[in-house]
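Next, two complexes with chain A in common: one pairs it with chain B, the other with chain C.
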Partner chain A sequence: MSLKKTVGLKTILTALLISFMSMLLLGVIMNAAYTHTSLGYDLLKINTISTQSANAVTSVVTYFRGLDTLGEVTILFLSIFGIGIGIERSDRMKTILGYDSTLLKIGTKVLFPLIVLFGLYIIAHGHLSPGGGFQGGVIIASGFLLMFLAYGDSYDLDHKVLSLFEALSGAGFILVGILAALAGGAFLGNMLPLGVLGKLFSSGILPIIYIFVGLKVAAEITVLVEYFIRTQDARDA
Partner chain B sequence: MIGVLIVIIFTALTVIAFWVVSSRDLSSSVIYFMAFGLGSTVLYVLFSAPDVALTEAVIGAGISGVVFLVSLLQTQTKEDT
Partner chain C sequence: MLETLNQTTFLHTVVAIGSFTIFTIGLVGVLSKKNLFKIFLSLSIVESSLFLFFIGSHFEVGKAAPIVADGIKLFDGHMVDPVPQAMILTTIVIGVAVLALSLTFVVNYYRLSGNIDIDKMDELGEVQ
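Right after this comes the complex of A and B.
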């Protein structure tokens, strides 16, 4: 059955049925979720008191569940490490999926700083607006992906700088946690003044942790993209 | 109004999901997968979850599509039938 060419009546009816049932299920879940006795309600209530962060998701990720984020970053590091071991490196590496075009090169030159700036903005404003370290880091990496696509083999990344960024931000994350523990709180507890809700320099160590996470994720995903896009072409072998 | 939009996007997403699974050409399957990520981004915004929407837009419609495409280029583009 070829669904690619024509959409039959049966397909549309099935799709309507499935989407209707999933919306029904979603309605049940969403109505049940937000009541005065639920966990989400309590969390939103204590969020402004304990962190002064405008984004409740950020306070969960970096403060209430900071240890989980440390584990998550470690998992990401280990998977990139595994890819680095698994993919064979040699001198005959070349960029696949590249496209040689003057228009793309000039456009990339204009767009690349803007993309990196946008990623840094998303990282730094993680406690005020949607987004944060993970999202901003991947946005920065997508800027590097654009550079790989446009410039191909002539674009070289300094792997020492990338490793330095990755290692220092990982160490900084743990160091902030240990400093917080030494200052009298718990590991990854809040030791800095909370400030005023909505200001850039507010909510204690949350932005510091998210900046470390963002730099680490940016370096790791950039290395991942480079490993994937610049490999030995299997079709030539 | 938003309810109508949600119904339209839900239906379109289900059709696209059928295409992702059933298309013979795997590279077009990857493109459908990226379109699915884009559609679910809009859906997450309508459900007032902008955090998840941002993650889905960057990872689901961006990086993972590139990883799949490169893996396809390294192997073969047609599925054996």
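Right after this comes the complex of A and C.
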């Protein structure tokens, strides 16, 4: 048996074809001309008069394209709902990943309120600084993940409170939109005074929407983390 | 030297090559791995390359983030386009939701069939 490894003609041709296509795709990507639409600059121009929000991304997400955010939150809710149906929830559920460490337990006790507070701060300042509902919600959920890792099965999450938060914040989002429509504007339009740019109580409806989004995302990602960390170990089944 | 590197077109090229590399890594993972879990995680890597490409290709030298902060007093042409960033924010959230849902399907498939190798799937009667 010879040490030389034979490579078939088909393999060589496939490799050549793949590399040629990759070069072609890379060339297309690198030579792409970025046409600058005026949409973003128009939105920046009217941002000061229409929202008074210091963060233009927030005003796009919650005001100019608020309906898209509603759809996005709905998709997140549907996905978590599907996971809840899919994963078996039985009494045999136990935490499959955890660290039994005293240092972690004591540190978590100190850190958990601070993490939740920081998440709330990020949510409430979404219209003033980088951040917002999605980011702050994920930070709060990471605090709960730390609790799951440190305390394992002895940490009981109140599912009623969690579902209440999730449902009420989702309903609150739509309710704010309907109230804005009744107050004379469009659905999810602005009905509150705009205030002064850079103040916490400013930019009308935006912080309210982002607070609802943040609470909803926090509740949903917490449920998601709990589903995955407290599932019955599939390898034991 | 650094001035020539700090050009919008050059940085766009760097972003294109980098995100293309990440895309290729994810694609190779999708095509070559047999484990369902790893296939879905590779898809998520492909997704992250798209995020990087989209955000990076709308970056321009000398323009700030669209946020009124310390040095910047008003919204004008010295800021980058906020629309792609808002869109990618939406896409990231949806990507997380879809990844979680698909991983749930993988867990359930494993629980029902005891198999996670795509070569050994024979639910449609195609026994190898």
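The rule is simple: the second predicted complex is superposed on the first by the 200 of 237 C-alpha atoms of A that agree within 3 Å, B and C clash if a C-alpha of one lies under 4 Å from a C-alpha of the other, contacts with A are read in each partner's own complex, and residues count from 1 in each chain.
Simple rule for what comes next: contacts are C-beta pairs under 8 Å (C-beta built on N, C-alpha and C of every residue); 3 or more make two chains touch, one makes a residue touch a chain.
What you are looking at is a predicted structure, and each value in this text was computed from that prediction instead of being measured.
S.K.: Contacts for A:157 in the overlay, against chain B (first) and chain C (second): which applies, first, second, both or neither?
M.R.: neither
S.K.: Which partner does A:192 contact after superposing on A: first (chain B), second (chain C), both, neither?
M.R.: neither
S.K.: Have a look at where A:55 lands relative to chain B and chain C in the superposition and call it first, second, both or neither.
M.R.: both
S.K.: Looking at the overlay, what does A:96 touch: chain B (first), chain C (second), both, or neither?
M.R.: It touches chain B, and chain C stays clear.
S.K.: Quick check on the superposed pair: does A:23 touch chain B, chain C, both, or neither? Answer first, second, both or neither.
M.R.: First partner only.
S.K.: In the superposed arrangement, does A:122 touch chain B (first), chain C (second), both or neither?
M.R.: first
S.K.: Check the residue A:130 against both partner chains and state whether it touches chain B (first), chain C (second), both, or neither.
M.R.: both
S.K.: Touching A:168, do we find chain B (first), chain C (second), both, or neither?
M.R.: Neither partner.
S.K.: Pick one for A:229: touches chain B only (first), chain C only (second), both, or neither.
M.R.: The first partner, chain B, only.
S.K.: Please tell me which partner, chain B or chain C, touches more residues of chain A.
M.R.: Of chain B and chain C, the partner in contact with more residues of chain A is C.
S.K.: So which positions on chain A get touched by both chain B and chain C?
M.R.: Chain A residues touching both partners: 22, 55, 57, 130, 132, 134, 224, 228, 231, 234.
S.K.: For the complex, give me every residue of chain C touching chain A.
M.R.: Going through chain C, the ones touching chain A are 12-13, 16-17, 20, 24, 53, 57-58, 65-69, 74-77, 79-86, 89-90, 92-94, 96-98, 100-101, 103-105, 107-108, 110-111.
S.K.: Mind listing the chain B positions that touch chain A in their complex?
M.R.: Counting only chain B, the residues touching chain A are 6-7, 10-11, 13-15, 18-19, 22-25, 28, 50-51, 53-55, 58-59, 62-63, 66-67, 69-71, 73-75.
S.K.: For the complex, give me every residue of chain A touching chain B.
M.R.: Going through chain A, the ones touching chain B are 1, 3-4, 7, 11-12, 14-16, 18-19, 22-23, 55, 57, 96-97, 122, 130-132, 134-135, 138-139, 141-142, 145, 221, 224-225, 228-229, 231, 233-235.
S.K.: Under the definition above, what is the set of chain A residues touching chain C in their complex?
M.R.: Listed in rising order, the residues are 22, 25-26, 29-30, 32, 34, 36-37, 39-41, 43-45, 47-48, 54-57, 59-61, 65, 68-69, 72, 75-76, 78-80, 82-83, 86-88, 129-130, 132, 134, 197-198, 217, 224, 227-228, 231, 234, 237.
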